[in-house]
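Once you scroll down, you'll see the structures, which are given as structure tokens.
In what comes next, chain A is part of two complexes: it sits with chain B in the first one and with chain C in the second one.
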Partner chain A sequence: MANNTTHTIEYKTLVKILLILLFLTFITISVTSIHLGALTVTVALLIAGAKAYLVLSNFMHLKYESLLLRILVAMVFVLFALILVITFIDYAFR
Partner chain B sequence: MSEKTVHVDEHRDDEASKLGMWLFIFTELLLFGGLFLVYSVFRVQYHEAFHQSSLELSVTLGALNTVILLISSMTIAMALTAMQKNDQKRALIFIGITLFCAALFLFNKYFEWGAKFHHGLYPGSELMALLDRGHLLYFSLYFFMTGLHALHIVIGMTLLIVCYFQVKNKKINNKDYVLLENGALYWHLVDLIWIFLFPLMYLIS
Partner chain C sequence: MSNTTEKIEYVSYLDHQGKYKGIMSWLMATDHKRIGLLYMYAIITFFFIGVLLGLMMKLELLAPGETIMTAKMYNSVFTLHGILMIFMVVIPGLSAVFGNFFLPILIGAKDVAFPKLNRFSWWIFIVGSIMAVLSQLLKDGPPDTGWTFYAPYSTTTNSNVIMATAAAFVLGFSSILTGLNFIVTIHQMRAPGMKFFHMPLFPWALYATAWIQLLATPVIGITLLMLIAERAFQIGFFDPALGGDPLLFQHLFWIYSHPAVYVMMLPAMGVITEIIPTFCQRQIYGYKAVAISSLAIAAVGFLVWGHHMYTSGMSDQARWFFSLLTFIVAVPSAIKVFNWITTMYKGSIDVQPPFLYALAFIFLFIIGGTTGLLLGSVATNVQVHDTAFVVAHFHYIIFGGMGFAFFAAIHYWFPKMYGRMYDIKLANISLVIKFIGFNLLYFPQFIIGVQGMPRRYFDYPEQFQPAQVISSVGGFILAFGLFLMVYNLVKAAKSGAVAPANPWKGSTLEWQIPSPPSLENFDEAPIIKVNPYDYK
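Up next, the complex of A and B:
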């Protein structure tokens, strides 16, 4: 009764993903140590987003999951972004 | 009379198990999301204080813990790969490395928090009461968010210890490994949260 349909990810691929993640961490630290002003946060968050994407799609196997699950996960992040934007609109026009 | 054979399968639905785990992960993401929301609002309001406070944190320790968590995230993914290849021995080794990394993370956290406590900086301390609003908010959020994250590390470790013994007893095997999958998913969640916590707490300038 082979019920599990999870895709097997090879060790080599996992090592590659880790190396990219470590490289991105290194970039975040070096970028934030030079002062770019408001850009620093944007860059740090963009890199964090890229890292999160790599972890979600590879380590958490989302790349190989059903479309339904992938949409659900995306929706959580969209929901959070909406809450963030609406909160800031509220603060900006108070 | 014709005889009817009834075939009964053990009820098991791995897809549903995983979906359930994901739904739980969504609630966790929104729990931390709420805290990140509070952080963003106050960061905009007390920009200068947040910047000054963040300089108090050790980027080296934070970076070290980031590396440790990323490695542990990979090893638990490898444990799943090993299980799928029916390699029990390797799976156990990989879960063991993950647990070791988790303990190392907490060990660093202990020193990091310990240094703050030593300087009299901890929730409810006299020093905290003297801080102005911006600094107070930053350190309260720092202790609460990293504390809640550390609690998740402990929960994740417990879950992985259970997985370790289940693999050892062959309750988790290459035909039925959904528990290990869900344990790994939880561990990746802990990693995922730290990916955002680290730059926001340690690296803002």
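Up next, the complex of A and C:
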């Protein structure tokens, strides 16, 4: 099983990912000064989604797990996205 | 482990002497079977308190005007009835009791993946339950919001809303941990050779349920925390006076609470799916369709919450979209019903109490399900929204469905759990009494609901009195049937005839081991069949 195997990620890689995460945080803050209207939440969630992907796949070693487990985690995010989209069907047309 | 081949002396889990003695051997138990029983005793206690509160409401509604309680007290009584029955009875219900007891056995495991976490879940459940009781007793008085805690009323009322919501928050943790435990158990603890599609269908239902518990429950946790923050710190999430949006509360509340209906119902469907093949001695019709329909109900059930909000001021686009999705969720439910009935076709039917309970479930669930479609359609929903029609529909699903499935489950697995058999005749009599009482109690509410009787009102015009009287009489008949059932089962647990290991000629793994099971369930490696319902 994948979870019985030890995987070591080099510090160099971890630092790179940390820097990317910090950069994405900087972007998240920066875009608040731009008036994107209805897209504000979409952009914020897309950036947050990218950050979550990096954390899950690298720091939490999801990329070494079985395909089934990766699909299950992906489905959770798809569900979360669907719930947000459906909620905004109400807010966008109210 | 299940692959141990040497013969071990049989000691039932009830007689097993561990590190602790007496009551501590139960409170400190990590055995999934004892934890299942702990949940059962707690849940049945809360259930009967809820029944008493329900009977108080029925007494109040015997005549128009104030009879035995004030309007304010009526509000508190239906709120406590709802909180008890929803958060402490039907949500944990089948999953925590029979899921804990039978999931590991059905998949050939000796326990759940995290036994200590399982014990911790029960402790949290008890802490949350005590908090719910305290919310009734503290000085600000019992909450009067209904179990739904709708904002902005819940953010402004002076009653004990914070304690009640904190109780629901804590109870939610128990649910999440149980869900997590079951998912890992099913993925990691299946007996060697048992693939997903070799599992019986009750574990499939529990698997779908566990995902809902894991993913939806945090939403209600956050929502209730937001409500507490608004009450305590005046942060404007929901109250328009503070810049909040009350519909946001409803969205968040129902994003959890509609899937929660499937936390109640999916294990119920799983139980019925176990019972029907056994008593028909016939393979379940459409095994894969039934298994996948559980997942489909869980998935689509996540997306239909808006049908609780058609009259709340939601956009038209959202209303028709939610209506469409609601009709879609009926499809996998119907697949299950058709497959149960088809399984009976040309079966060698043995009419025993669990099977009769399963039939009662199907009958009541069909009424509850089809009236649900009336509520799922926007056009009819707005006519009967917040009327007794909704109360009737809800109780046909939750009590007629989940409740009768719980009774079916306990009559089905009782010989395995206690190693004793109850009085079959008395079980059948109590079922008939409950069935008559149930329909007298709830069916008139469909009628007066359509005629305009609102839900949660303690007073009504005289035209509704005949139906209210029938309903109240039905409530007491139902309570008598419940009393008979409990008398029969308690008597059987103490002094019933010793039950054989497989009294119903079942084919799944729990019937291949002694009654009651030993501590680690399987003293010999279980033989895994590709088809768990092989009756040839």
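Criterion: the second predicted complex is superposed on the first by the 76 of 94 C-alpha atoms of A that agree within 3 Å, B and C clash if a C-alpha of one lies under 4 Å from a C-alpha of the other, contacts with A are read in each partner's own complex, and residues count from 1 in each chain.
Here is the rule we go by: contacts are C-beta pairs under 8 Å (C-beta built on N, C-alpha and C of every residue); 3 or more make two chains touch, one makes a residue touch a chain.
Worth saying up front: this structure is predicted, and the values here are computed from it rather than measured.
In the superposition on chain A, contact of A:L82 is made with chain C only, not with chain B. In the superposition on chain A, A:I20 makes contact with neither chain B nor chain C. Looking at the shared chain after the overlay, A:T40 reaches chain B, while chain C stays out of its contact range. Once the two complexes are overlaid on the shared chain, A:V55 sits against chain B while remaining clear of chain C. Contacts of A:T28 after superposition on the shared chain: chain B is touched, whereas chain C is not. Greater residue coverage of chain A by touch, when chain B is weighed against chain C, goes to B.
Of the two partner chains placed around the shared chain by superposition, chain B is the only one that A:T8 touches, whereas chain C remains out of contact.
In the superposition on chain A, A:R94 makes contact with chain C only, not with chain B. For the contact definition in use here, the residues of chain A common to its chain B contact set and its chain C contact set are 76, 79, 83, 87, 91.
If you check the complex, the residues on chain A that touch chain C are 76, 79, 82-83, 86-87, 89-94.
Within the complex formed with chain B, the residues of chain A that make contact are 1-6, 8-11, 14-15, 17-18, 21-22, 25, 28-29, 32-33, 35, 40-41, 44-45, 47-48, 51-52, 55-56, 58-61, 65-66, 69, 72-73, 76, 79-80, 83-84, 87-88, 91.
Contact residues of chain C toward chain A in the complex are 215, 247, 251, 255, 299, 302-303, 306, 313-318, 321-322. Chain B makes touch with chain A in their complex at residues 9-10, 12-15, 18-19, 22, 26, 29-30, 33, 37, 40-41, 44, 59, 63, 66-67, 70-71, 73-74, 77-78, 80-81, 84-85, 175-178, 181, 184-185, 188, 191-192, 195-196, 198-200, 203-205.
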